[in-house]
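There are two complexes below, and they share chain A, which is joined by chain B in the first and by chain C in the second.
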Partner chain A sequence: MKKILILILMTIVFINAQTPSAEMILEKIDENMTSENQVVTSKMIIHGRRASRIIESKSWSVGDSKNFTEYLSPAREQGTKMLKIDDNLWIYTPSTDRIIKISGHMLKQSVMGSDLSYEDMMESQELTENYDAKVTGTTVIDEVNCWVINLIGKVDNLAYHKRKIWVDKNKYIPLREELYAKNGKLLKRMELKDIKNINGRWYPTKMIFKDMLKRGQGTEFVIDDIKFDQNIPEYKFSKAGLKR
Partner chain B sequence: MIKFLLKGLIRDRHRSLFPILSISIGVTLTVLMQAWVTGILGDMIDFNARFTTGHTKVITRAYSENMQQMASDLAIVGVDELTDDLEKEFPNMNWINRIRFGGLIDIPDESGITKSQGPVVGWGINILTDNGSDIERMNLQKAMRAGKIPTKSGEILMSDELAEKLNVKVGDDATFLGSTMFGSMAMQNFVIVGIVHFGTTALDKGAIIIDFKDAQEVLNMENATSEILGYLPSGKYNNELASEIANDFNSKYSNSEDEFSPKMLTLSEQNDLKSMLEYMDSIIGIIIFVFIFAMSIVLWNIGLIGGLRRYGEIGLRLAIGESKGAVYRKMIYESVLIGLFGSLFGTIIGLGFSYLLQTKGLDLSSMMQNTSMMIQSVYRAKITPLTFYIGFIPGLFSTIIGTALAGIGIYKRQTAQLFRELEN
Partner chain C sequence: MLSIKLAFRNLIGAGLRTWLNVIVLSFSFVIIIWNKGVLNGWNEQARHDMVEWQIGGGQYWQENYDPYDMFTINESHSAIPQEFKNDIANNEMTPILINTGTIYPDGRMQNVILNGIMPNQKVLKIPTEKLENNSNEISVLIGKRMAKNNKLEVGDYFPIRWRDANETFDASDAKVVGIFNSNVPVIDQGKIWISLQQLQKMLVTPNEATMLITKNVDRKNAEVDGWIFRDHKFLLSDMDEIIRMKNVGGSIFYLILLALALLAIFDTQVLSIFRRQKEIGTEIALGMTRWQVVRLFTVEGAMYSIFAAVLAAIYGIPLLALQAKNGFPMPEAADSYGLPIAKAIYPTYSLGLIFGTVFVIFIATLIVSYLPAKKISKINPTDAIKGKIQ
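Our next item is the complex of A and B:
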């Protein structure tokens, strides 16, 4: 009997020792996905209530703080550029030849009619700073073993008070994420698919976003090309760069 | 007999002055109330019809679920064909296309940097298109405070409070930011050519008006519109007729399985106007009823007091042989004359006040600073044919009922005791 009890206790200790802390998992995700900078060519396939459409763009980003996006097609969007520096977002369209700062309620608007808002684009990915994280269990998604992490906001004014992330146990890649309001209402759902090894990093090349408050079939974000640690000129992240 | 009764009434002012005064006051209030309520509710309905609801409105079923959102992605497509169909099916109606949209207006400084910014409600109306039919419908000429009505594409009108808030004047540039019909970023430069004051806080606080074609272009709504408004040929709303047209249209064009199929709504089915229309129908009746009821009690009392004062006179008349019925009837006839004079005076005074309120109006804008409802801020009375005779209904009825109730006492007088009472 004593032996069985010791065995059970040892098993529990062993299992707990196998479960890393949520902070550690999130750090590992950052290690895997964050690079000094990246250049991404992608397309957004927006499945609206009426029809679907494809918007192509190219983005240059440095960490979470700087991002420059230029829309390549369709013709109406071609030449539209967006610049994000820290908490500021500017937009430029060739038809107006003006640079306008997006602020206030406009940040809640959808980006190009997709299921993503400007606010989503502005959000810092450093989750451990804003959320208390806890591993709440394990599950299997598409035959992949995952940790389930719950994140509860510890600061005010967060766009999403609660998050739930499913993380691949082996590759430390989030496979699914759900974003909730303070009242517990599910606001957005993300699925990350087609995980590929790019320059030694595991990276999802297809993301499906669904705004749960919006009708439609969601937005697919497909990465056509991604390059890490490139030489990006500093002018790219200046307002003058928007008009170039 | 009328001459005889009149003489009695003129000579004995106790019998005429106070009742006529009471009735005049009541009738004045009735006339004023009727004109005021008719004016306010009529203006509200007319204002809503001209600006937002039309007498009928065609939208998609999806758009109708939440019209306040003004979602351009739920707009009607193939609008040219649909408008042709409407014109063929209902040739007497006036059909116009409108686009309502929300967004942000950004004002640049000399170097093109944002000077000020604010949310706006936009209206794409027929200014350069359809012979500028909306200029008159939306009273734009009268609403102009500065500048002119747009004469070419790329020009906009801005509401006065918004212009003040953004610190802009006629001739300044403004950039509109919003979402296209497909959800993309819509950005367009405009020149402010006119400042307007609509007289409704909801609009004056933050509206821009552009030409319909410009709105189609900015919002990428080729051959699309958010709303098709229909106006009855008389220019006045008729719920029965509008419902008939809407039912006819919906049976032919609307499909409950297709959320983007068109659906026609009547004015009363929008902006909670149904209850307002019903209220308008019943309010006049309520005013008359309340007045008759209240004034009858007042005049009953006056009659009772008069009866006490005229106790001796009535007793003498009965004693010298006049029948109780004859005395009662003459009192009723007197009350008819009093009612007629009171109503006449009251109507004249009430019409005077109503005319004043009709021409000058009452500006309640300071009380409506935070309202977002589509209601005007200057309220006016409206004199209608009913205003001229409505006061006579309660004026006459209340005096007759009051006198009839007070006069019942005549039948309780005992003939045998009349002389003994007179001796005392």
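Our next item is the complex of A and C:
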């Protein structure tokens, strides 16, 4: 009996030793997914009640702080540009030839009718700073072994008090993320699929965002082309660049 | 007196020509009084409903509150001032907390304004007693337009999402506990009413409010730091502006109607002076001064308005009284315009309105009668007796 007990204890210790800490997993995700800068050509497929809309765009980004997006199609959105620098967001529409700063309540509006709000786009990914993270278990998603990480907000001013992330054990890629309301109601779900090795990094090329309170199939975000560590001129991230 | 008698005889003698003018002018009387009466009735009903359902005796607004700026609504709340506590306890005042939120009835997303109100309040007519709820469930009260637009019924549940004072998302299912029927769309369309305590808990803003509504209009409203008092003049200014615009729009209609009637009188006067030249010449030859003849014709013309007023009274009084009793039915969609409009508007006719209209039409008729008659002062009596056209 004593031997069995020791064996069980040793097994638990061994399993725990095999499970890295949540902070370490999140750091590994950052290592894998973040680069000095990125240039992405993508499609946003917004599934509406009657039909779906496809919006193509190209974006240039430096870390989490700077992003410049230009919409390429359809014709109605072509030429619309968005610039994000830290917590500021500006939008330029060629039809009005004006630059508008998106602030306050406007940040809560949906981006071109999608399941994403401007605020979701603005959100900084400093999860370890803002949340207490804990690995709560393992599971299998699409035949991939994952860790399940629970994040509970440790500061007050977070949009989402609780998050849950499923991370691929081998590639350190989040495969699913759920965002919860303060009282625990599931608000949004993000699924990351079609993981590809791009320049030595594992990267999801398809993401599905879904507002869980809303009816519909959500919004798909498909990456057609992604380049890391490019030479992006500084003027790209200036307000003057919006009108070019 | 002689000219009045003569004018009366001449008009009666003219027969159908007189009665045609009188009938047309009487229409103007009745339509102008009716139209103004409907506007007065709407104004009175709308003010009455707004006071009962929306504005009370006046409102204290938190200094940052601007109902037209959706972007600042969530920041427009602060602690209820200590000096109002007694009035709130005595139901002389009720606090309202306002915040934005999103509801998802049947999975459709809709932005709404969340209004927190005390369930036991007696300041507004909203049936808030239905919000009395001891459970943790969010009970909501909505208006009939909101219920119709979102296909909601009493007992239905729908998800509601909001952000608390720290900007953190929170969400829960809400239950419709009551649907009220009000003529004031501002408190209905896009609005959800929740118990004040419940909303304060949801937003993590204990004891805070966006506005305080007073019960009595005569209340002495002292200045309170951080709060601005809005009186009826301010709160009803939009309604006053709408009525003013409607009056201006209506005036164009009256002018056209009156112009048609006055044109008929003017024509009749011109024709009458032309046809009665020999009579005019004879009257002057017999000793009447030119101005006496001018006065005779002017009185004749003005008398149309008196006949018209009498005729309008004969058929107009029962017609307008019936309308005032049964009301003027408004179309089904009228209440979706965002204005406080009842299903039927009951016109109100004041003495000022009736006598004012009679006076204005009388003066207008007097002027159009005088203008052609003025020509008589230049008539040569000899030529007139000869029937020479002048």
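Everything below uses one rule, namely that the second predicted complex is superposed on the first by the 242 of 244 C-alpha atoms of A that agree within 3 Å, B and C clash if a C-alpha of one lies under 4 Å from a C-alpha of the other, contacts with A are read in each partner's own complex, and residues count from 1 in each chain.
By our rule, a contact is a pair of C-beta atoms (placed from the backbone, for glycine too) under 8 Å apart; a residue touches a chain by one contact, two chains touch by 3 or more.
A quick note: this is a predicted structure, and the numbers were derived from the prediction, not measured.
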item	value
Fit or clash between chain C and chain B when superposed on chain A	clash
First (chain B), second (chain C), both or neither touched by A:Leu213	second
Chain B versus chain C as contact partner of A:Asn231, first or second or both or neither	neither
First (chain B), second (chain C), both or neither touched by A:Gly48	first
Touching partner for A:Asn197 - first (chain B), second (chain C), both, neither	neither
Touched chain A residues, chain B compared with chain C	B
Touching partner for A:Asn157 - first (chain B), second (chain C), both, neither	second
Candidates 150-158, 168-176 or 366-374 of chain B: the single one with C-alpha clashes against chain C	366-374
Residues of chain A contacting chain B in one complex and chain C in the other	103-106
Touching residues (chain side chain A, partner chain C) in the complex	103-106, 153, 156-161, 179, 181-183, 185, 187, 211, 213-216
Residues of chain C touching chain A in the complex	70-74, 100, 102, 104, 106-109, 159, 161, 163-164, 166-172
Chain A contact footprint on chain B (complex, rising order)	62, 73-74, 104, 106, 108, 112-114, 117, 119, 175, 177, 179-180, 182-185, 187-189, 220, 259-260
Sites on chain A touched by chain B in the complex	46, 48-50, 53, 55, 76-77, 80, 91, 93, 95-106, 109-110, 112-114
